[in-house]
Amino acid sequence: MEPAEIIPHSGGVIGASWLMIALPLLGAAILLLGGRRTNAWGHYLGVLMSLGSFVVAVLAFLQLAGGRYSIRLFDFIPGIADISLLVDPLSISFCLLITGVGSLIHIYSIGYMSHDPDRRRFFAYLNLFVAAMLLLVLSSNYVGLFIGWEGVGLASYLLIGFWQFKPTAAAAAKKAFIVNRVGDFGLLVGIFLMWTTFGSLAFGDISGKVGEASQGTLTAIGLLLLLGACGKSAQLPLQSWLLDAMEGPTPVSALIHAATMVTAGVYLVVRSGFIFEGAPTAQLVVTIVGVATLLAGAIIGCAKDDIKKGLAGSTMSQIGYMMLGAGLGPAGYAFAIGHLITHGFFKANMFLGAGSVMHGMNDEVNMRKYGGLFSVMKVTAVTFIIGYLAIIGFPLLSGYFTKDGIIETAMHHNQILGWLAVAGAGLTGFYMSRMVFMTFFGKRRWDSEAHPHESPAVMTVPLIILSIGSIFLGGYLVLSNRLMLFLAPAVGRPEELPVFHWNSVAGLATLALVAVGAVLAWFKYGKAEVPEVAPRGSFVTVFARRDLYGDALNEALLMRPGQWLTRIAVFFDNRGIDGLVNGLAATIGGSSGRLRRLQTGFARTYALSILFGAAVLAGALLLVGNL
Amino acid sequence: MGETITFWVLAVVSVGAALGMIFSRKAVYSALLLGGVMLCLAVLYAVQEAPFLAAVQIIVYTGAIMMLFLFVLMLVGVDSADSLVETLRGQRVWAGLAGIGFAVLVILAIGNALFVPEPAGLAAATEQAGGNVQALARLVFTRYVFAFEVTSALLITAALGAMVLAHRERLEPKATQKDMARARFAEGDPSPLPAPGTYARNNAIDMPALLPDGSVSELSVNRHIARYDVERGHLPDDPKLAEALKHAVEEEPVTERSHRHEQASSQETDSQAEVTK
Amino acid sequence: MTTEYLVLSALLFAIGALGVLIRRNAIVVFMCVELMLNACNLAFVTFARMHGNLDGQIIAFFVMVVAAAEVVIGLAIIVTIFRTRRSASVDDANLLKY
Amino acid sequence: MPWLTILMAVPVVGAVLVALTPKGNDKLAKQLTLAVSVVVLALTIAMAVQFSPKGDRFQFVETYEWIPRFGVHYGVGVDGIALVLIALSAVLVPIVVLASWHDADAPSAKRSVKTYFALLLVLEAMMIGVFAATDIFLFYVFFEAMLIPMYFMIGSYGGAQRSYAAVKFLLYSLFGGLLMLVAVIGLYVVAGKNTFMFPELIGAIQDPTTQKWLFAGFFFAFAVKAPLWPFHTWLPDAAAQAPAGAAVLLVGVLDKVGTYGMLRFCLELFPDASKFFTPLVIVLSVVGIIYGAIVAIGQTDMKRLIAYTSISHFGFIALGVFAMTNDAGAGATLYMVNHGFSTGALFLIAGFLIARRGSPHIEDYGGVQKVTPKLAGVFLIAGLSGLALPGLSSFVSEFMVLIGTAERYMVPAIISASGVVLAAIYILWMYQRVAGGPTAEPVKEFKDLNGRELWVVAPLIALIIGLGFYPKPLLDVINPAVDHTLVSVQVEKFTPAIAEKGAGQ
């Protein structure tokens, strides 16, 4: 079924949906410009603005009823693009996720950042992020999307580097931005190609004309968009920034680097479905990238002792699943988006849980220094375990439905991809169990000065809400294809609606593998003693611990040659071009220095040359006269 | 016919004088030979219907300018003969080449030019005004009046310039008679120089004086006369006197009096220098 | 007839120029310059006669005036230099170089 | 009302008054300069309001004979392109005056304080004149005369290497300018219309060979001025040695004369030659974009780094001019304005940092963000504008240039687009080293922005953000002018690969 037509719209809540962007933007502006005066109440304003956006999003969702509406705001670049919004089921799903989870994380941050002198600035950046992310998903053309795309990149940069005084944080922020820019380059060139091909950058216009474009062009555009998506969503080969990004405060990791921003790549691929559907090659590459990343992320997750980095690896892996789903066409879109939403809940849940643990453990992140925390922080532990069960696909919890949907669809599409995805699920079972056992169970391996305690209610309440979502949301969205039908006007749907089977081969295999993984983890990290210092480990462990040598590869292939290139260029500029110019000047100066020796100071020598000149002139006159 | 003879005679004389001028060692000879050339040219002007210019040539050039030259020669020193050894490498050869080349080329050019066989003559031009001087005057005060006025400015400027250039700035106040007397007594020899021939055995001006104690005063002999005597061997028989004369010649450059004065002033400057230190 | 005058003028001019080049005594050099000016004057006078036009004589007259002014200044300069450097050689005044 | 003449006369009169202020009363001179520059700004705004984009091409035209013998006129008038550049100058000068309040007080300065400010006003008059001139000879006169005040500003108030930098700047520019003079005279002679008025000379040269030679003369001058790779080496020296305010005007406005000249004179007077040389210019521009960015990454001196980023940006502008599409041309013009604001802000803020630390070397800083959050914040915003972050003004222009270039030349557009990655590296690495990490000992004594400095950066930041989201007012003025230019050049309009017929379906 084809997507529905887009209808210009101006009234009602939908017409006022720009408020969703404007409110947090206003909040950010007030907090940044207001300075210290707003220190006292700045965080409340931030939460309020985010909640306001959420309310608008809910109202718009209620009014939407499966329609697609465009709202023109103002002319941006005459002739090329305007700033206008597209409110449709796809964008509104994202809006709800962003503002909903975002608001919870805002609330959580009040507690988490309470001791930071710069809390106001933190909330300003969070608000800025929410505004940019909403612009990204709401924009009705690629230019607006790109503005939001870079806006979230900026917010991510600011928040990863929130503690600029930590050199690692400053470096991680820069790295994130630069790696993202590589992806942005792809997106930008993709936009150029779309402009020269279709003469428009609006989703509606392009999807209308896509049938006339050649498949080669569409494949090129698709691959370029995929490059952009890889950058933002930390997919191979642009994954290396995400693990470093954990330098940021934990709520940031939860909101930006787990629930929302990193899923923008999935959004882009789904939103540009009309391009990918015309380019099977590009689609295939999307699925391959997805599968490769889901495995890579899972492997990295298995070896990390830093709880946040472990979760980051898991995020990579889960986004790999979404990417895989997004590459499977209309059948996969709904599951990809569904997994995206449920992942937003349970991963945010777990990140905030990790933050809560760190909050109680003096910001210790090494899981080898945890152990036996269950009894000390019960709420955190229970909510974290609910998130854990959701992500490994424990039957009837959220992840079970959405991830299984993706695996099933992949299996239909291509057996190899399907089985690799199943293997990834098994790995998930292992590393997530490892995390839970190392953190909450086993012996207490705390540092002497650690006094773990439960976090305040302002932090635990969001955890509880998120964990409720982690339990029920998946089933609600997937059973009876609710999400698929809801999204259909925006992204289309397969002719034949999928039916959920609990006893399919893939599903059972997944469950079995997950169980094996969990049991293995129990034997290694639950039952056995966990050494406080990480053992050297096998080659594979080291490989995983080093992020599959991603950084080393980047350094060897890009950074070092880049440094050399820079040095050569600077040398060339100073010695080559400038040397040429200065050399020319020196040559002229030198020869003038020698030439001026002709000026001996003897008047008679000068007189001689004058007379010679006169003689030559006389001769010349004679010659001319004779001619 | 008369003109031709005049021309050839004067031409030969003037070229000869000019060559003599540039090759004579002594500047005074050069000046006199130049004067000769100018006189020849004056005559040639007269021959060529330019009586006014001939007069001006004699009055201004030979009369005024040449006199200035001679004055300056006297100031600078007549006796300093110019060494004719060339110091700049190749200057003479190249100068000769260039000079001859130039002359040949210009003469060739003149020979090449097409001139009317017979000069037009100035009769027509002067007749109307009633004479050469009147005709020139008419031109000077009509067509060339501006240039003429500018010339006057030039002359005034030149006169002023010469004054400024020749003027020597006085660095210290002019010595009064009192100062001079004081300086003389400060030197410790207030008496005038002894006159030649005092206590002499004969009254010749070239005999050194004898001081009351019987010693010979070298100061009493004019060094030019002494030199004359030494060069010609007219030395007195008394070896003591002869020795004094020779001595006077050897100490030629400065007279005793100026020598003394210089010493005094140098001491003065030394003490000044010490003060400033 | 006039051609001979012009040739004489050229010869005198060349001799003057030669003198400027080979003599070192500034006063003699200056005299040679005067000789060159005189040679020019002769040419002017000759041209005046040749063309039946008094302008040549006027120019010669002006040349004389300028020469007079020039001599005054030139000699004053020579005297000034001599006063400070005790030399009238043009080769000694060679500080303005390089 | 002779708007443009008044605009030029006011700063000149102001300069005379400033020069006549009593010695020792520097404050009066500064206040007077500020007042004059604000008056000029007000007048410019008043003029801009009356400009109608849909009206005649050149407006506020004044033409008087200057040297009738050669058909030289005092001819001034503005179209949209010139108008926005004049506005840029008028906005930047008061900001620069305020920013360089203490620049000329330094004991190393060779000339008096009031001279500096008088020179600044003279420079303003010339900047307005050079953009307003519609007579090519008059343009040339302003083009060269602008060098004089700038030469003295660098040479008398600059850093340690100022003499070298000032002479290098002067020689480069003069050399280019003289070649242009030859071409100007050549144009006059070959056109044979006995006039230097630009509108009358459009299309006067038809012979392709002549066009190429004259184009080369003009283009070389503009390429040096802009500066385009490889004629750029004077810029880092001059910009690094100039006092911050002068550097802003140098890079922000003076160099724009080069790209402005390409757009106005090279393209319209010699359309065929322009098309002939387009591949060469595009290669130079693309090389400049990448090369400038790479060399910028390797710099250790903040001002030099910013200067190299400008070389990269000028590559974008030249690319936009010679892509000869409406989008790229308008983008390039907008880029000229935006670059003035963003690089101006960067230079000024770098100047504030240097004034506090006394060193332009990046390694002497560290942890500035912790001590002076406002200063670091504006530094970051200006830097982000330099890397063309969407939502800030440079993005719009860079995007338009690239998309306009892509309309005709896809490969150069793609290569140039990789400049966005390099831009992120040079700006953020500099910011990381200056603002991030542990606070360096001398940095701990830094004071945050004071009132004067806030007044300097606030308008720039406001303009950067405002134009980043709503560039339409400027584009509405620029677009007709660029369209007009391209009509003279006779290039085909861009049509997408899939024609419009699909739009309705």
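First chain written, first letter: the chains are A, B, C and D, and each begins at residue 1.
In the analysis below, a contact is a pair of C-beta atoms (placed from the backbone, for glycine too) under 8 Å apart; a residue touches a chain by one contact, two chains touch by 3 or more.
Since the structure is predicted, the reported quantities are computational estimates derived from the model, not experimental observations.
In this structure, the chain pairs B-C and A-C differ in their number of contacting C-beta pairs, and the larger number is found at B-C.
The chain occupying the central position, as judged from C-alpha centroids, is D.
Here the CA centre of subunit B is 17 Å from the CA centre of subunit C. Subunit C and subunit D have Cα centroids separated by 61 Å.
Inter-chain spacing, taken between the CA centroids of subunit A and subunit C, is 93 Å. One finds 36 Å separating the Cα centroids of subunit A and subunit D.
Among the residues of subunit B, those touching two or more other chains are numbered 88, 91, 95, 98-99, 102, 106. Multi-chain contact residues of subunit A (touching two or more other chains) are listed as 602, 604, 608, 611. Of all residues in subunit D, none touches two or more other chains. Interchain contacts give a graph that is no line, ring or star and is not complete, per the touch definition above. Chains that are in contact with each other form these pairs: A-B, A-C, A-D, B-C. Of all residues in subunit A, those touching subunit C in their complex are 596-597, 599-604, 607-608, 611. Within the complex formed with subunit C, the residues of subunit B that make contact are 3-4, 7, 11, 14-15, 18-19, 21-22, 27, 30-31, 34, 37-38, 41, 44-45, 48-50, 52-53, 56-57, 60-61, 64-65, 68-69, 72-73, 75-76, 80, 82-83, 86-88, 91-92, 95-96, 98-100, 102-103, 106-107, 110-111, 115-116, 118-126, 132, 135-136, 139-140, 144, 147, 151, 154-155, 157-159, 161-162, 165-166, 168.
For subunit C in complex with subunit A, the touching residues are 17, 20-22, 24, 90-91, 93-98.
Interface of subunit A with subunit B (complex): residues 602, 604-605, 608, 611-612, 614-615, 618-619, 621-622, 625-626. Contact residues of subunit D toward subunit A in the complex are 168, 171, 230, 232-233, 291, 294-295, 297-299, 326-327, 367, 369-370, 373-374, 376-377, 384, 389-391, 395-396, 399-400, 402-403, 406-407, 410, 413-414, 417-418, 420-421, 424-425, 428-429, 431-432, 435-439, 469-472, 475-476, 479, 495-498, 500, 502-503, 505.
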